[in-house]
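Note that subunit A is present in both complexes that follow, paired respectively with subunit B and with subunit C.
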Partner chain A sequence: MSAFVVILTKDLRLELRSGTSTIAMVALAMLVLVVLVFALGPAVARGPEAAAAALWIALVFAGMLGASRALMAESENGCLRALLISPADRAVLYAAKLAAAAIFMIVALGAGAIFTVLFFNLEFSGALPRMAPILILGVIGFAALATLLSAISGRARGGELLLPLLVVPMFVPALVAGVRASAAALSGAPLGAARDWIAILVAFDVLFVAAGYLLFEHVIGEE
Partner chain B sequence: MAAAAVETIALGKSYRLTPVLLEVDLRVDAGRAAVIIGGNGAGKSTLLAILAGLSAPTAGVAMVLRQDSRRLDSAARRRIGMLEHRSFLYPNLTAAENLEFYGALYGVADPRGVALGWLRRVGLANFAGERVRKFSRGMEQRLAAARAMLAAPDLLLLDEPFAALDSDGAAIMADLIRGELARGCAIVASAHGALAIEGVALEQYQISRGRVVPYLEKSGPSRARRLRSLLGRQSQ
Partner chain C sequence: MSKRLGNILGAATLVLITVSLWMIFAWVPTEAEEGIVQRIFYFHVPCAWVAFAAFAIVAVAGVFFLWLGGQIWDDLGYAAAEIGMLFCTLMLITGSLWAKPIWGTWWTWDSRLTTSFVLWLLYGGYLMMRGMLEESEQVARFAAVVGIVAALDVPVVIVSVRLWRTIHPAVLVTRQGGHGLQDPRMIVTLLVSIAAFTLMLAWLLTLRLAVLRARTRLGAIARAVAIAEFRRGQSV
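Let's turn to the complex of A and B:
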């Protein structure tokens, strides 16, 4: 079994056992959506633009929670040091952590998408399948960025406070593209209509997955 | 001459302007054990972290299994086992799951079988299905020792291996160390005071102001005994 599968399986087993990250992310995503529905009021909280923006804001908040947990779970009993001295390459460790964070986020965002359809009075059958690939692209990009930055912020004093300050501004290009593409999908347009926005999301994912894979070794570990 | 598992040459480590290790020259051959003795903050754990590749020296070089400790490759890391004051165990996994995870990570054939075998060796076979969260500190230390040794390493780095162990646990740890040395594994251990393990020749060193020098057993009455005798004389 490869180190990637071993680490990912362990992370999924731990999450299935405690459920802490995913439950907290689902709860936070729902709370964000409820707050936004009340804040926007019935007139605004109806269109696809408002629904898409609300869902992506929920993605950012829930993602922050999940991403910081992914590496923090390894800090208990010094387990991260054990992974760093193990034969597993650090790039493989990054890939496994990214995959675990993305899986937890996809579960949470799946629930978030259902709440969005319900809270914003959208059409259930068409909205979700059209939005799914866009959300998955957003989740991969966010998880790639946040996993890399949590390794950097984890070394700083008060790193948990630093993480959102680093992640949110850097995620803005993907956020804008994601909201526009999701709004197009929710309004019933085919995916091709949002081709340019989806291309930005793909480019963001490729950039940060590659950056994380190459840089993780240098930002984690050595004292 | 046996191959050196560890060889440091003028090794130094400073945190900003504070030197922790100074010109450390240490050689440990396969099948030999070196004990580094020192008080809290003396630099013992820092030295072990450098040898594990977790920390980079600021001067000199540490050759570990014939590789620079700054650039240990995957094959070399597989041959190193480490026991720290933190156990490296996942509290929400069971004892068996923890060992199975590390066995798989280190490419051990049949991780499940090896994990159960090691649980028997450290006297925790009856707790295989218990989550580590429920373990006492001593049980966790025994399990951590099994974790460090299960991939049959060629170099063991043991940071205070007898910490938190009762007499049974200490006997198990001594047995494990004897077994690893007999197998040809090199050991670098740290301790607060001189270690003695029956049937094992330990090379003892002490860290004094950052320098690693041969350990000299203090002769004559201890400070406590001298103080007691002084107080006794005053009261007479």
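Let's turn to the complex of A and C:
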């Protein structure tokens, strides 16, 4: 447990001092939303349905950026080797990396949700607090997949290309469920209305956090 | 031994595929409502079955590779993924050919179609990863992990797209159950065709495994030759 806290606080401190990946993720999320508003046009880019879709597209793009950085930053200065020869369990390393990636993504998506409400002419009252649990569930699932798979894609020469090819198809069920649940939340329905979708998100998170925790030791390593 | 097994499987596949072709084109009666197009069903369903079976083999081989190790499990997973991808593609194409005259559209986001297409994307990613990491020694472990994670994804995909479609009935409402195999000959034809395709899966697996094993052996020989040449160069 303490190894988890040590690695997580290290990543958080690093991020607090530089802020690079969170700021980049916020900027990217905002850009995705802007691009979608322009691409869809003012007539389509309004209302909860379009807003939920746009926000989840932003989540995928921003998450891809954040996840690929999490492990790559470690390998840059040989820090990964230091982490691997430390007595910390590799599954704990996975949990810490997953937690750090999820926290950065939640910060970025929190900003993204505010932009979404503004850009898509929605009401702030109640929509954001109802969205929060849905987005957090989506972020955890995405970070669980991306942290595991970025350990693989980081090893390929064109790794940045490989990560979305692996993560996006696997994220489809969470995306479907998340967009539907978010659309319901943004349109003012209580969380109970999206119960089935939230159940799918929870199942997705449990499944892939467990899979990542068990399988991470097989993919992490040097070279 | 495996060569003989391959030959036996190949011959059996040839015989059974010939029989099933005769049954599909000459023996089985034409379906009353859909007409001649319905015969594609006898290719479509076996393709789907082979694709799903092959993808299941990928996951099982992945588990065994991580558990026991051994090149054979990795080769099996690789071969099964390639064959699964082939038949998944054929399933999507034959389904699309059937859907145009029957549903009036090449593609619709029906839950089964969506699930198949997501599967196709998943294993496309798996094969692309194998291609990009070919030189890496850890590719076998990576492939095992991706194969397992992809298989874990499949039930969630099925549940979510089914719910997605029912909540969203704006999409064309489709009922695959409408095939109605009224004639017992239809069921027999389907079963023979499935058996033929299953044999073909086994045969293709043995062929692909032999190629992969030969490649591993060739790599070992090439390494041994390189080492020998290097030593000779040193001693001169």
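Assume the second predicted complex is superposed on the first by the 220 of 223 C-alpha atoms of A that agree within 3 Å, B and C clash if a C-alpha of one lies under 4 Å from a C-alpha of the other, contacts with A are read in each partner's own complex, and residues count from 1 in each chain.
The working rule: a contact is a pair of C-beta atoms (placed from the backbone, for glycine too) under 8 Å apart; a residue touches a chain by one contact, two chains touch by 3 or more.
Source: prediction; values computed, not measured.
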item	value
Dominant contact partner of subunit A by residue count, subunit C or subunit B	C
Which superposed partner A:D89 touches (first subunit B, second subunit C, both, neither)	first
First (subunit B), second (subunit C), both or neither touched by A:A3	first
Partner chain(s) touched by A:A177 [first = subunit B, second = subunit C, both, neither]	second
A:L16 touches, of subunit B and subunit C: first, second, both or neither?	neither
Partner chain in contact with A:E76 - subunit B first, subunit C second, else both or neither	first
Residues on subunit A lying within both footprints (that of subunit B and that of subunit C)	221, 223
For the subunit A and subunit C complex, residues of the former touching the latter	145, 148-149, 152-153, 155-158, 161-162, 165-166, 168-170, 172-174, 176-177, 180, 196-197, 200, 203-204, 207-208, 211, 215, 218-219, 221, 223
Touching residues (chain side subunit B, partner subunit A) in the complex	49, 52-56, 74-75, 77-78, 80, 82, 84, 86-93, 97, 101-102, 104-107, 147
Residue numbers on subunit C that touch subunit A, as the complex places them	66, 118, 121-122, 124-126, 128-129, 132-133, 136, 138, 141-142, 144-146, 148-150, 152-153, 156-157, 159-161, 163-164, 167
In the complex, subunit A residues that touch subunit B	1, 3, 6-7, 10, 13-14, 17-18, 76-79, 81-89, 221-223
